[in-house]
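Paired with chain B in one complex and with chain C in the other, chain A is shared by the two complexes that follow.
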Partner chain A sequence: MGATVTSFYFLCFLAGLLLLYYIVPKSIQWVVLMAGSIAYYLLSGNGILIIYPLLGSFVAFFGAYMISKDDKPKVYLFLTVALLIGTLFVLKYVNFISNTVNGIVGWFNVEPVLPTTSFLIPLGISFYTFTILGYVIDVYNKITPVQSNYFKFLTFGMYFAPVLSGPIMKYREDGEQFFKPHKLEYRNITFGAQRVLWGFFKTIVVSERTKLIADTVYNNPTEYQGVFVFLATFCYAFTLYSNFSGCMDIVLGISEMFALKLPENFSTPFLAKNISDYWRRWHITLGVWMKEYVFYPLLRTGFFTSLQKKMKDRFGKKKGKQYTTFFAMFILWFTVGVWHGGDWKYVVGSGLLHWFYIVMGELTLEPVTKILTKVHIDPKARWVDALRVIRTFLLACLGFVFFRANSFNDALILIKNAFSSFNVSRLFSVDIFNMGIDPIEFTIMLVSLALMIFISVMGQNGSVRDKISKKKLPVRWIIWYALLFYTILLGYYGPGFSASEFIYQGF
Partner chain B sequence: MTREEVFNDVNEVFRDVFDDESIVVTDATTADDIEDWDSLEHINLIAGIEQQFGIKFTMGQVVTMKNVGEMVDIILSQLS
Partner chain C sequence: MNKKEILRLILFNLIFIVSLTLLTYVLRTNGDIKDIFSGFYAEKDDTIDVVMIGSSPVYPFYSSPMIFDETGISMYPLSSNVQRPKAMIPLMEETLKTQKPKLFVFETRMFTFEEGRMYENMAFARGVTDNLKYSLNRIKTINRLIPSKSEMEERMSDPLNQDQPKDSYEERYTYYFDIFKYHSNWKTLALPSQWKDIVYEKSNPRKGFVIRDEVGPLEDDEIEDLYLKSKSEEVVPIPKEQEERLYELLDYLKANSINALFIVSPYHMTDDQMEMFNYIKPIIEGYGFRFDNMNEEYDELSVDFKSDYYDYGGHVNTKGAIKCTNHLISLLKEYNLPSHKGESGYESFEDAALLFRQESKEALEKIEYEVKNGIYAEK
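Take a look at the complex of A and B:
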């Protein structure tokens, strides 16, 4: 069937599962979800790898159970976290360490000293590990109900819709709904299907086209300069956004059809006014996870508490506080970068670069406000905010250069090339159509992109589906059928099309 | 301590942490109401409150308290 949720077979699978879900007795609806999730995982990739999520869920379930019952909860917490993180680490990061060490000794002309491995990595391991790990820690902190049935916990931990690309769920907020009875409701099915359709539009109409331009430049980094690097990077920013957020629309839409509400993962991130704000709008559930399970506990350790005290004594209250948090944030952002993959391009592009942005933002806030006031510019003026949005987008794009480039070196080449030639006029020449996309496709891309941005911005002031549902029947039908046919007819199926792959699925 | 006294002390900590003498918190005050109350300041606020009252919040309380009212309830329950 292939792991992708945009394939035809997946839609058949989904329809069958939905039918079964609503005809079985309500008390065993979750069993249908569990069976469906196992079947989906088996069919998604290398079937045998299902052993990882099955065992991982068992470790989390059993660990949490012992934490809640035993008088040594700390020991069980440590063991469970070590097992789950250990598995993730061995599968995903052993090569990262080997490659880094070998790279460093390579500078001194020494042969590689550490072996590299080639493990088969189970799909979605970074996502489901975080989901089940959060549950274990919450049980330790006594803020979540404890699930005493392994199969029910498995249903939550392996639920097929988010298992491969998130969102990262929290048992204390999203878990119990899986085991409640769910009546078939017209609104859930229609609203869910509408959201799925919107997700399809974003992925196969928008993302698949912007991707072509990005790929053309990023796969030939030495051949493009100046404005073409900028264009490809902007295209990649929208590729990643429409692909990942579109995938989330599909995942959340499918869940809505099963009467399950999953947490949102995006909220118009490219309208963020600064990088902190951006991370509250982009991959929201990862940010929340990191905040609750890494950042807060880190800052509350004895080490950081005493460090803050020392720093305050040395640098004064404000600066002392700031410097301590910068240090804790360094660890946080390193972790965020590493989570994205065992490669320095992720550690820098999705981690440390963003740490640097936030630190610089904090340090320059006061002087910039002072300068603005001095030259009689209101720091809260709308146009200043607009400039902040553009700045934040450009900063995020610099991170995407590392994220997308085939290697860390390629990223450096592209950044150098971007500023090596000022060739804006070529943007309006035929050269633009030599970037893997012809004039017609290019036009479709622009129109679809504009439509996506327009609807996303509209969605900021309340659900667009709600607004449409209040319109008269013919209007509603025209809107949804237009979107359906637009997506089917203009979906980009490319040469050798095998249904779009979701970029975040690799994590 | 009465609830009102706790509230007054909590208010002082808020003013101190956010460097803003105009802050007046109520039961319903949340992070949305105070511009600088982000995840960084949340921990500073928690540390400030702990120091003020000589108590210790659990990690669970730190991540689940929804507004100042809940915070005051936790403080009162720990003081009693």
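Take a look at the complex of A and C:
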């Protein structure tokens, strides 16, 4: 069938499952979801790998049960976390360590000392592991109800829609709705389908076009300089955004059709005023998960409590607390980077670089505000905010250079090349059409991008679908037909075209 | 969900399906084959006497307008490039939906080809499937012509197909829903001619005939060799799968009491093909149908391989077409087909005949000029 949610077979599968979901007795709707999720897993790749989510869910279910019943919850928490994280670590990050160690010894002209292995990795292991792990920790913290039915827990843990790219769910917020009866509602079906359509537009119309420019430059890092590197990087920023957020729209839209409300993962991230704000808008559920299950527990550990005490003694109350937090944040962002993939380009581009931004932001906040006040500039002025938005976007783009580059070295070459030549004028020459896209396609890309940004900004002041639904029937039908046919005609799909997988599918 | 909402959902989807269907018709790649099929659907019901089915040795070889002009018989070719014999029954069934032809003519060149070889370019299969209107018969045709993924993988593992491009395979669903293939033709929406195909019934002014006015001659030694081949009385079996298709077709014709004529157009045959035609001749005649191999009659046809072909012996230009059409007319005369000259409802055939007279005259002049000056088509 293929795993990707934009494939023809997936849509057929979805239609069949949806039909079944609403015709069976409401008390067993969750069974349909469970069976559908298992079927999706079996049909989407190497079926035998289903053993991982089945066992992982069982470990989490049993661990949580024992934590809630036994008088030694810490032991069971440790064992469960070790098993789940251990599996994730072995399957995804062993090679990262081997490559790093071998790389270091390689500097001293020593042959590789650690072997690399290649495991078959089950679909969406990072996403379902974090989802079920969050449940176990919540049970330990006694903030979530304990699910006593393994199959119900499996339905939640293996739910097919978010398994590939998220969002990462929390049982205490999203879990129980899976087992409630759901009536066939016009609004759920239409709003869900509309959101799926919007997701398709973002992925197969916008992302696939911006990707062409990004790929042309990033696959030939030595051949492009100056403005072309900037353009490719901006294009990649929108490729990643439209691809990932488009995938989320599809996942959330599908879930809405099943009357399930999943957490949002995006909120116009490129309008963020600083990097902390950016992470509250980009891959929201990962940020929340990391904060809740890594950062805060880390700060509560004995090591950090005593470190904070020592720091406060040395640097004063405020600074001491701040420096300790920075250190904990370093571990948090390192983890975020590693989560994105076993490669230093991710550790730097999606992790440590952002840590650096946030730390610098915190440290410079006060002096910058003082300077602004001194030169009579209102720090809250709209134009200052606009500059902050641009600055944040550029900083995020620097991270994307590492994220997209084929290797860490390529990223460094591209950054060097970006500043090696001032060739803005070539942006307005025909050279731009030698970057994998012709003038017509380029125009479509710009128009589609503008539409996507316009709708995303409009969405900040309330649901766009809600606004459309309040219009008269002919108007709203014209809008949806226009989007439908625009996507069908201008989308990149079909024979002779191999659509790239969702970028976050690999994490 | 209340009744009103259900109705609204149904209506929205219905409008979408109808619009998408019409849009796909418009977007299907333009060209001779689309015009031939779309033109066939545009013909008035029960007005066609003869339907000719076969691959490329049909539409440039036999001029329906000329046949009408000279006999009053209405003929239409349902032909596409490398049309596999497997497509013949579905195309007959498609024909019988709107027409009651008194005779089907089958061009049999493709019976000599290995079925597997014809997968080389799946665009040829699309020539049939993607030029049919949406219907149950179209689905059946796709199921018949397009192998499933596993069947294709099995075929590709055959040593015979090792040299074939593996990526030419396109999954069946892209045939059922050919918008998957043709949406990228959106730029052709700017062409007014494409919009005339919105219901896939665009009258074909040449009644499916395609005028060719280039010249691609054979060399003397090739002609000599061809004449020798055409005299062969040896027999070589056709590929097994094609033999099954031939029997299937013959049985179908018999079971449905359909009259048929089988022909082979004159062309530069490869080594075994004449022997293969010798093989199928008694099979066809055994069923009581006439089989006419024009390769046995180069002199009677007065075919000239130096000036009658546009692609070096494969397909005729208009000069050759006139000769082949004349021969077909002599064959058709044996079937007591009615003349529709001056009859109401056949005005478009009268117009086509007039157009053919003008265009063929120009084509013949050009051909003569090019032969005289040695201007030949690109090889």
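To be clear about the criterion, the second predicted complex is superposed on the first by the 501 of 507 C-alpha atoms of A that agree within 3 Å, B and C clash if a C-alpha of one lies under 4 Å from a C-alpha of the other, contacts with A are read in each partner's own complex, and residues count from 1 in each chain.
Throughout what follows, a contact is a pair of C-beta atoms (placed from the backbone, for glycine too) under 8 Å apart; a residue touches a chain by one contact, two chains touch by 3 or more.
This structure is a prediction, so every number in the text was calculated from the model and none was measured.
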{"item": "First (chain B), second (chain C), both or neither touched by A:Glu292", "value": "first"}
{"item": "Chain B versus chain C as contact partner of A:Asp138, first or second or both or neither", "value": "first"}
{"item": "Residue contacts on chain A - larger count, chain B or chain C", "value": "C"}
{"item": "Touching partner for A:Arg300 - first (chain B), second (chain C), both, neither", "value": "first"}
{"item": "Contacts of A:Ile440 with chain B and chain C, given as first, second, both or neither", "value": "second"}
{"item": "Partner chain in contact with A:Phe151 - chain B first, chain C second, else both or neither", "value": "neither"}
{"item": "Touching partner for A:Ile488 - first (chain B), second (chain C), both, neither", "value": "second"}
{"item": "Which superposed partner A:Phe422 touches (first chain B, second chain C, both, neither)", "value": "neither"}
{"item": "Touching both chain C and chain B, counted on chain A across the two superposed complexes", "value": "none"}
{"item": "Of all residues in chain A, those that touch chain C in their complex", "value": "8-9, 183-186, 189-190, 440, 473, 477, 480-481, 484-485, 488-491, 493-497"}
{"item": "Chain B residues touching chain A - in the complex, by the definition given at the top", "value": "19, 38-40, 42-44, 46-47, 58-60, 62-64"}
{"item": "Chain A residues within the chain B interface of the complex", "value": "138, 141-143, 276, 291-292, 295-297, 299-300, 305, 308, 318, 321, 325, 329"}
{"item": "In the complex, chain C residues that touch chain A", "value": "1-2, 5, 8-9, 12, 15-16, 19-20, 23, 170-171, 173-174, 177, 179-181, 183-184, 186-187, 189"}
